[in-house]
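Both complexes below contain chain A, partnered by chain B and then by chain C.
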Partner chain A sequence: MYRYIIKRVLLVFPTLIGAATLVFIMMRLIPGDICLVRLGGGGTSFTAQALATCHAEIGINRPWVLQFLDFMWGLARLDLGNSMWSGKPVVMEIATRFPISLEIAIAATLISIAVAIPLGTISALKQNTWIDLAVRTFSIAGLATPSFWLGIMAILIVLDVTQAISGNPWMPPIDYVPLWQDPIRNLSIVMLPALTIGYRYAAVSMRMTRSAMLEVLREDYIRTARAKGLVRKLIINRHALKNAMLPVVTVIGIEFAFLMGGLVVTEQVFNINGVGRLMVLSVQNQDYTLTQALVMFVVTIVVMCNLVVDLLYAWLDPRIRLA
Partner chain B sequence: MTIAAPSPSGIAALVDDNLAPRGIFAVIFSFLRRQPVGAIGITLVLIFGLAGVFANWLAPYNPTSNDFSAMTEAPSWAHWLGTDQLGRDLFSRILFGARTAFIVGLTAAFVGGVTGLVLGVGSAYFGGPVDLWLQRVLDIVMAFPLIIMALVVVSIFGTGLQNVILAITIPLIPRCARVVRSSALAIREVPYVDAARALGFGHIRIILRHMVPNVMGPFLVIITAFVGQAILAEAALSYLGLGVQEPVPAWGLMLQGGAEEYATTAPWIAVFPGLAIMLTVFGINLFGDSLRDELDPKLRDR
Partner chain C sequence: MAFGLRYSLIGFGAGLGALIAAIGPPALAETPKRGGTLTYLIPADAPPTFDGHRETTFATAHTGAPFYSVLIRINPENPGSTTDFTCDLCTEMPKPTDDGTTWTFNIRQGVKFHDGSPLTAADVAASLNRIAFPPQGILSPRSSSFEMLDKIEATDPNTVVFRLKFASTAFLPALADPFAWVYKKAILDKDPHWYEKNIMGSGPFKFDVFETGQAIKGVRNPDYYHKGQPYLDAIHGIYAPKQSTRVEALRSDRAAIEFRGMPPASRDELKKDLGDKITVQESDWNCGSVVTPNHAKKPFDDARVRRALSLAVDRWKGAEALSKIANVRTAASIVFPADPLSPTKEQLYEIAGFWRDIDKSRAEAKRLLKEAGAENLSFELLSRDIDQPYKYVGIWLIDEWSKIGLKVTQRVLPSGPFIAAQRAGDFAVVQAANCHGVVNPLIDVHPYLSSSISKQNYGNYEDPKQDELLNKAMHETDPVKQKQLMFQFSKHVMDTEAHKLMILWWYRIVPYRSYVKGWKISPSHYLNQDLANIWLDK
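For the complex of A and B:
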């Protein structure tokens, strides 16, 4: 077991270093640089002198190798530097936008679990009935619906319904307040985006729950449990569901990681100033330090989720850790 | 379809033995009869696919020409699905949008899938350090946020159809390679691969003739899913302004700008392109599910 854990944990580092190298190179392949964006924004002309000063100020006139070593050394010390655009520490830039993105991601996860596990289980238990068919159609549709379009539709419906009820249309507020300060205002911002992302997410987990349950229900120990006259509810909850949860948890874990990267489009639809929009902005501004930090941030979340899932698997399934 | 000549690799035929000698139409027909849900899926895909292919003949209006005397008009006999804020006919734009969607979806899925197939089978076959390094590289690409990848590709090469396809294809490669590799690992241990090696066959021949045909099942299922994913990704990128550019008609692009601005007064601008995306991908997913059930005997009675 320890050997497996050590091996698995060590595998994290090449991925992180590789991702850091990739984003470093990719950013520098984009023609132009942040100084051009800064000085030339709005079509103003500027002197070569000003450009050189700007380059020297930020330090992007140095050789790539030096810049790269600097970046790596910074990563090793967990020092991500300052944003080239705003001059503020990168950590601060991310920290101000992270709470709302995280909250949407968590809310979407909770919604998807609340929907997926009961529906997936019922679907498996009532296999090939109209209930099963309805649940499966619902979940395949979830995979087929673009979340940004669902967002537009959700806004449209809310506008129409509030218009019909109260006479004036209601739109969710834009400025974020933490949950503990004003829960109603907070939830009215988070609810719609969480629902639109949660639907797709639920669709994925629902399919996994269904197929895992179907597999488990065919196992011998379920038949034994039935044969010895156990109550059906007990068999489903204690014997079947518990064992079927492993692949479901995996899917939820992996999807959660991708959610962070996938928020960009949803934040655009709902006009939310979160991490996703910051990403787009930082690439467009050619803000090397901020983009690098954001990519490393997302990649670390993905890698960590995968690590946890793998270790959980090894812990639960002796065939993996002993292989 | 000709009858396959009996050869040692006949065992590794693409389809089961009892399906191989029959004509292609018989195979398709029996698939549709056994998988009615798949038949519904393929019908949807065909409707939108053919709409895209024959858009030139089917579209009642030019998809890019503005008509300022008919802006944001509700669906009517003249404009079946209404017009957008520039007076362009939505029905015509959806037909041409189908073409864009299928070009992107099919190309990205095929190129990404085949590249992933080669890498996955190769990685499993050679094993050892090749496998280890290749897997690390694929891990990196997989952990990399798709939207950043797309943004950078677009920033380096510019927007446009080819670059959108490139941006969507890259993240598909590791996903396919992963799935194919795990199937191929099992096949590598099968005696006929050892036998082929003992007979002195070259690597390329063993990979192409003995390993690739045996991972065709999962491969076909995954590239079918890729078509749908690529269409969704294209829509999302175009919506963000990073994909296909005006005036090319694309579903994601149709949802940008006017669709949100006129959402309350002219909801049809936002509703129909989204429905088109949804129905197409829905059809592809239905077909993909049936294909998986058909190719995996364990799942056949589920």
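For the complex of A and C:
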């Protein structure tokens, strides 16, 4: 098992280096110039000297090779540099936004697990009944509906319903406060985005749980367990569900990693100052250092989630670690 | 004498300013009430830095303006005017001496920075020198607005003297720039970059807290020098880049106002849902939609083709129709419509694209295209990936051009690649905007000067004649002659050479909760943002 873990951890480094190189090149291939966005965005008639000063200040007048070496050397020292847009350390920029994105990702994951695994299992156990049909319809609707649309509709419904009831439309606050400062305000901010994201997330996991359960329930060892006279509850919980969880864990891991940087539109809809919105901002502003750092951050999370999933696989299925 | 005449037009400008507020606040003055917190929305993610001297985005102005003082400003009680300048830190608006080349400002005594230290003329001079004559390594995008300025000196602790190379009516508007915040000289001397990450001024509010990308908060400055102001106890700005969020926040009273502006549909939606709980102020906006043909690409090197493009566009009807769905409204020349230098309507009718008879105009356009051998011309219109009003105006232009047989497609790019494409000359025709803060036509038209002079002119042309015309207008201080020169310049740019096609001026619509009082709309979302005169009636 230890050799397996070490081998998997060592594989992380070439993946990160490859991603770093790729993102560095891709950022510079996109046409544009952060100084033009900064100086020209407000309509000011800036001078050539102002443009040159801006280029020199953030170092983009230096050859690509030097910029790349700086970037890699910074990565090696875990120093991602300063944002070209704000001048603040990118670690600080990300750290400020990370808690809200993490909170929403965890809340959405919990909602997804709480909904997907029981419903997916019931759907498999009641295959081709009206319950199965209802669950499948519910999950397909979740897959087909974009989260941002669902988010907009959720806000509008809350506004309209509260206006109809009280005469004064209400919506959750739009300025984030941490959970430990004001739990009720925090939860009212997180509730709607977590529900809308969690629904789509649950839909994916639900379908996976159902199909995995159906497959496992047809295995010989389940039939043997039944033939031995084991009670149905024990067969499902101990023998079927644990084995059916392998692909579900993969889906949950991938989705969680996606949520950490991929809530680009949903964060905009709910005015969540998270990592996804920061990503949009950094790309719009052509902030190379911040975009590079954010991509590396997301890549690291994806790689780490994959690593955890692989290790969970090994724990769930001994055949994997023994192979 | 000429200066006296120019600024005796203040009343005239003020009258025009009042006219542009189509729906204004109540006519009867109400007694302001003290107290409360104003929650307002800033339609951006966050300001890049807090330093108003180096940034150009309104996000910085809406974040920082309440914390700073300026030397002079557009009158906050009459911000619709383009010529009504008043003192903020000075004691009274001076009359220039030495044939208009020396301006001496007396600075208020007893003004304190928020750290308790006194504000003197040295701080004013240091701040404005940093903007007009940035030292090595300091970024100042507005230095080009001060081309008439020779020197700024603090002659004693209460006096700042500006010496000009030549008298110019562009000087006062440049000085009234809403980003010309007064910083503490001692801090600038110690660390010229300090103000990028910190806030410390002498304005109506003291900095409280900044939550990155989330909110800015300020509390009342009890030592503020304008008696009785500010009325609010605190301010709370929330960054909300998405328009639907802002509309919903106003509807649910999560915020009381958003100062930049909303499209007509949002105004109508809020009015429908909230009735008299919402008040709306509207104004022409010092932002114009401008189309630039790339002279380096054939057939746009031919003035006949460029004129044809302009002649095909029915601005009068377009303005009426588009104003129902987009943030545009007024057809006018390249000079802001409410400014005294703007041409009369009769003069405007003489310019290509502004004729009274659109059929005659389009017939002339077709004739010019035929003469230039450019009938059935196809090209791509480069536009910016912003709904309001770029996409609306772009689609409308394509339709207008189709009426003279042109086949036009639209290429829409996000801001960065859009600016890069313009600079690289990678376009045939581009639709962009020319936006400014204080209305200062002599400076605002800089992007129309020859490409070798203006780095913002992406038309790739050299035209010494038009440069000379503007130079003359810049040096002219007689308002009548100056207006005539500006008309000649406008006609040359928009008609004779048709270097630029002025399409429509933007229109600013600000719906807000009716309990917000005291705020008055201006032709720019950069102006009148210190929030000192706002109070809450609830």
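Rule of thumb we're sticking to: the second predicted complex is superposed on the first by the 306 of 323 C-alpha atoms of A that agree within 3 Å, B and C clash if a C-alpha of one lies under 4 Å from a C-alpha of the other, contacts with A are read in each partner's own complex, and residues count from 1 in each chain.
Convention: contacts are C-beta pairs under 8 Å (C-beta built on N, C-alpha and C of every residue); 3 or more make two chains touch, one makes a residue touch a chain.
Everything numeric in this text was worked out from a predicted model, so none of it was measured.
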Touched partner set for A:Thr96, first chain B, second chain C, both or neither: second
Partner chain(s) touched by A:Pro31 [first = chain B, second = chain C, both, neither]: both
Contacts of A:Gln268 with chain B and chain C, given as first, second, both or neither: both
Which superposed partner A:Asp220 touches (first chain B, second chain C, both, neither): neither
Contacts of A:Val295 with chain B and chain C, given as first, second, both or neither: first
Contacts of A:Trp149 with chain B and chain C, given as first, second, both or neither: first
Residues of chain A contacting chain B in one complex and chain C in the other: 30-31, 152, 155-156, 159, 163, 169, 268-269, 284
Chain A-touching residues of chain B, taken from the complex the two chains share: 136-137, 139-140, 142-148, 151-152, 155-156, 228, 232, 235-236, 239-240, 252, 255, 259-260, 263-264, 267, 270-271, 273-274, 277-282, 284-286, 289, 302
Chain C partner contacts - residues on chain A that touch it in the complex: 30-34, 36-51, 53-54, 56-57, 85-88, 92-93, 96-97, 152, 155-156, 159, 162-163, 168-171, 173-176, 268-271, 273, 277-278, 281, 284-286
Of all residues in chain A, those that touch chain B in their complex: 11, 14-15, 18-19, 22-23, 26-27, 29-31, 127, 140-141, 143-146, 148-150, 152-153, 155-156, 159-160, 163, 169, 211, 214, 260-262, 264-265, 268-269, 276, 279-280, 283-284, 291, 294-295, 298-299, 302-303, 306
In the complex with chain A, residue positions of chain C that touch it: 45-46, 48-49, 55-58, 134, 137-145, 193, 196-197, 211-215, 236, 238-242, 244-245, 248-249, 251-255, 273, 287, 414-417, 419-421, 423-424, 433-436, 443, 446-447, 454-456, 526
